[in-house]
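Below, subunit A partners subunit B and then partners subunit C, in two separate complexes.
Up next, the complex of A and B:
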């Protein structure tokens, strides 16, 4: 903007303006040349300026960064994911390996987190359990958000019978006995070993989308009154097209928040179920089953219980901190991004008028005129 | 007499993500008992921030500097608890949206009584009685009963009356009315403005009227402060400002408003550009970037508010820019009266109207480096601002009846069922939203549809846009009867009829870049990639946007530019008919003109037919060729726009036109008024015979025999004289209201 005005003003010679004294005709010529300049200037004024306006992404990012807890959480998750992915390749012991020389040994240079009764390396098991928990957490959060979006938008968009049937399905799933189904699926289906965690993830996803779907539905209903949806309808766009192109992007912040907060919930469900023996089945390990194993001897051999428990707590704290951070960053009314305050540097003296403008007061003005006349 | 309210050098700064926002920068004014000052400006100019600063309602993070005194008591720096004793008692506020300003869970009488109880030592009984008396004062019928009712049981206008009663409750010294009529229909607006004046008269309070509607200011204010980018850029008496504005922004604002009382085929002068960002104000005059007569100094030094010098005895340049004759005369007499005085500051202001004003003389001040030149040459908006040329449409020579019909509606009906019961929904009646209307729009023609909310305008639009078989009657678009269309034909026809919506914020998807928004209809119709690319660039240029804007998101554009994006999208498929649903009502005054010009230019270029719904009758007069007035689902008057405006025959049309204030104090005061009483009746149970008779000002003047006909017989459309003018009233007669 400023380059623009400085670019055009030198062309407007002050002498030329001084010639506009004979009335409207010459004023009009000056006007037209000036208008071109202002048009160009105005077009630029609305452009996202380098220093001025921020894009939505930048703004969200800045608000997120201001939330220190969330930043720490994000760093924590990155470290944990790195450990879960790279750790097993670096460590000498694999989680199924049995070190027959070391049973129930406390942490040492050979086994950093110690070993279990069966001589398995607690570090390797914890890292494996961490990757299981992370996988299940993200998978469940994403899949249940997808189902929720599909059901919620469809129900709201089409209304009528479609909506009624889908709402009925939601209500039905909400009253289904959760534990029973998980028990049947993970134990009953002879899903021994590695298949159990996949089954568990699916069950958690299938039973975890209903509340979100209801929220999605009501958000979609409010979007349906927006004129751009009407416009799309009146240009002949198909229903699916409208949902994918206009509705889903506009509820995406809700979905992102749901996914972020859902990861923590899913990890806790998984570990809880595994702890009770309903989730991940041996010989596979997850943080939950590991904690369960260790809890029996937590006081005497604390490393089997302690390390996975600490990792779990850190993971869940980090995930929730990030989820909260994303929610606050996306919600413009939230003040947890930090309340902005003005500093003295914000006071720009050049813009504050030096002379006090005289108010609408005749006496004042008359007095002043008299004084002027006297002078 | 001293000032009730004195604001000196008020400044308000907010923190924001993008740095401090200087929302108000050094505003000063004083107001005395019984005076009204209009605070005018575009959104974001600092009007509402000023009123909140006076009320002490800013968040603690905002920095408020300067001085606000109420009867010599300093308000800035008072704690919230101290301010609470003043708010509601000595300063009262009337808000824009009366629904959200009233608590939905308490009855209105209780809410008024509450304001009395907080500030006075009275019993509950006394407070209640006083609340009922106040409701009665503000014209709520059957006040004792209605005081027990909840806000949702009142119409918008009635709720605003309740708000005014609440404001009056403690005999305040100052009433702040923040856009009090913006959310209301024009007929209700007139009632509310009258009531506000009454309330002010009864309480003797000073009033600040915040509004963007220059007509409202002309009709009800003594003084005007025009704000731009947080500063007062012009201050003066209402007559001075409206007839001799001296700051280019004010001149532009006044010039770009279409006039209800003037026929015009020309384009409106355009105030280019947008107000500056308040967090990144350029140095110099904030208006310089939009000002066609800006000098280099304007970009470096911000002008202070200064006295406007005396006008020369005879305006040197004849005001050839459409000022009415009355105004020219007024300017001459004023000029003559002012000439001998050393400064116009002390000059008496002529009060030609019958309004009993206490207008004292105040200095006319403007913040502009070139104010002396502007006054000396008497520059008006046509001298300063560019008036674009409109193309002359090819078909303009062909009489309308010889042109092809773009849209024909015959005996269209649409009813909505009224259902009752929670478990089993019983059908208890129906609402005739649209009741047997006939319309036709020819090629290249614009038909304006006006009426209060609830009159069936929007239902008519949606019926047309749905392109399905109507409940009764028929709709024919470009010769295709919508009742007989197959699914494929209907999609094909959609190319030819497109829509532009009211709200530029809601009309474009905020998540899509502009390119995708405009390309959308072409993608739906399977255009090739290259063709879309070419066409989008073409459309952007056509609506006055830059090709480089294609990759930006709607949030980077102002309201006016978003509306242009919406128009580009509607034009993408090369339609023949555009349905415009309040296309400019959500835009700031200075932005409106550009969009109106664009619509007219496009119509001339492509021979488009417009079906235009607007509540602003001035806009309709400017754009439309013909106008149809709707009341409770029926058309009561239809015809050529000049004919209908100049010689309205239906009492409803007369009332609608006279309810719109004209932005010219002299004309406004001298107008003949037809005032409408009450609200729209319940559409589920409309009156027998003529639906309008319950509110008809003519009906009350008829003899009993004549009235009987209105009660028993529904008036049919008949010719109202003139070539193209039809009216549905038994006793239609011309009443000129302009």
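Up next, the complex of A and C:
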């Protein structure tokens, strides 16, 4: 995580320094200093180490580590990923296996999480569903952030009719209920097995980028007037190059935050759709479809519903905790990352003198000015 | 402001028309109304099915664009949104289900907004204290718990309590059930059925409102104007309520406007878990039943709600925030 932020996000100061040079320099020197501007970010990552200062990545990493909930969440995710990857190889039962001797059995040493009506092992199904949910969650979050970046930066950079059409497309997709489109597509194409979840992931990603794209657009607009982007334009750098080299690195915090917070949302969408029977199709299993299987008998045979539900809640909780932690660590203005705010303790009399002191000081200063003028 | 809103409305109307048309074409293309009759026992004569499909404007032997034309002219001339593959009128379905959805969501939505915003603002003033930490964790937990898990867990608990007490305290299937014969028995029965779904909706929505409000409040508490107010000698409570809270409520107003407007589209998952026949469940049923006209009508209805929400939130911001001028 720390390498990532150091690599893609240039520090603010070096960019500013470089642009001052570019702004006043002639065309010839502009070329060299503009390349400075692009390499400044990379240089920034290594240079301060010598002088003992922290890089932005290290600072972010520290801020993240200070957030205990987020650290616990990160450890939780690692454990869940480990379970999803290694678990199926360790357990005797595979998620498709049917134990004809045990139908609807409560948890036992043979079946740790019990069995379903069809005699399938709930633990194996839960682990399989967990890996499905993890894969879909991360895939959807990353791909929709990529689409949002592409659309948002393009709209802001080119402006004019390109922008109008893209904004219009965003509004159009926001009006149509996204749940409905995903469901219609998965239902209509009637994909089964592996094709179903891959298609579900793609459709979720294709329909989940609009709000982020709007934010990306407005952030890009605020960057367009920056001198280093003007310089790059005058140098004849291609539009795509400017977007990739200058704009995307400067909005990368936003993108990372969006990906981190989007994973939880994507998992909730996927499990919700699967719960309704409109997502992952049998014989494939997702946490949502497993919970749905258990829901019909939740009050009499609670383990089919209970175990996958607990795993799902832990997963989304960890993902959201990490997302919150990353947002607070990356966003320098985020107050929830820890800034001084007014507290109850401020409400004591000691503040009164300072209140009086301000006008007195001002008066003193004016008196001094008057005396100076008289002298 | 009226001119601005009219302009927005016109723009949205065009957008909505295109969106609905696309949904109709997509649904007409991928859904297969014939499937509804395919599994019937005894089998239905294909000629009879085809006749019905022709009558309901669902036949695959008619080109999609032609069906679209018939569908559109029916809406424009007689506000008829068509019929399901089994012949039910979409208009009637929507009309009866909107009421169910509103009855389900009204109490939960309003209470969760008030309580959620209140809790969020309060915890922000107590950042890092035990109460803040506990409530922040709880809201993170509830935001991370899918509403169907909350609903099902509450059902399991309810059955347990009902069994141990031997009384029917909790009901969780449908809108109404058996009623006793005492005054207001029907009202009490409805409220009893509303209790658990409302609780599930309340928990999820209050948690997300409190998270939003806490972040907004933390931002505004750190602003210079709050410090200035304190430095002028304003008591802490006044500085917080008059200066910090007021500004922090403006963005919440847009969320509230949106939430209230989209309340009408129902809550698909809650309605499914608690067997309420609202709009949300209708959406799932229409897709499952390959009901092209029904799907499009639900899409149009929720599209209208989204647009109303967007315009409402514009108005709310313009009213609350003196810096914003519409026009």
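Everything that follows uses one rule, which is that the second predicted complex is superposed on the first by the 283 of 375 C-alpha atoms of A that agree within 3 Å, B and C clash if a C-alpha of one lies under 4 Å from a C-alpha of the other, contacts with A are read in each partner's own complex, and residues count from 1 in each chain.
Definition applied: a contact is a pair of C-beta atoms (placed from the backbone, for glycine too) under 8 Å apart; a residue touches a chain by one contact, two chains touch by 3 or more.
From a predicted model like this one, the values you see are computed outputs, not experimental measurements.
In the superposed pair of complexes, A:249 makes contact with subunit B only, with no contact to subunit C. Comparing subunit B with subunit C, the partner in contact with more residues of subunit A is B. Once the two complexes are overlaid on the shared chain, A:228 sits against subunit B while remaining clear of subunit C.
By the touch criterion defined above, A:59 reaches subunit B but does not reach subunit C.
Of the two partner chains placed by superposition, only subunit C is touched by A:276; subunit B is not.
On subunit A, the surface touched by subunit B in one complex and the surface touched by subunit C in the other have residues 339-342, 346-347, 351-352, 355, 358 in common.
In the complex of the two chains, the subunit B residues touching subunit A come out as 3, 6-9, 11, 13-20, 22, 25-31, 37, 61, 63, 65, 223, 225, 232, 235, 272-274, 276-277, 279-283, 288-296, 299, 302, 304-305, 307, 316-317, 320, 342-343, 345-346, 360-363, 365, 373, 377, 379, 382-386, 465, 491, 494-495, 497-499, 501-503, 506-512, 520-521, 524-525, 545-546, 548, 552-553, 555-558, 561, 566, 569-570, 573. Contacts from subunit A toward subunit B in the complex involve residues 1-2, 5-6, 9-10, 12, 14, 17, 20-21, 23-24, 27-28, 30-32, 34-35, 38-39, 41-43, 45-49, 51-56, 59, 62-63, 226-228, 230-232, 234-237, 241, 245-246, 249-250, 252, 339-342, 346-348, 350-353, 355-362, 365-366, 369, 373. Every residue of subunit A that touches subunit C in the complex is listed here, in rising order: 69, 168, 171-172, 174-177, 179-181, 183-185, 187-189, 264, 268, 271-272, 275-278, 288, 291, 295, 298-299, 302, 305-306, 309, 312-313, 316-317, 319-321, 324, 333, 335-336, 339-344, 346-347, 351-352, 354-355, 358. Residue ranges on subunit C touching subunit A, taken from their complex, read 12, 15-16, 18-19, 22-23, 26-27, 29-32, 124-125, 127, 137, 140-141, 143-146, 148-149, 152-153, 155-156, 159, 214-215, 218-219, 221-222, 226-227, 230-233, 235-236, 239-240, 265, 268-269, 272-273, 283-284, 287-288, 290, 295, 298-299, 302-303, 306-307.
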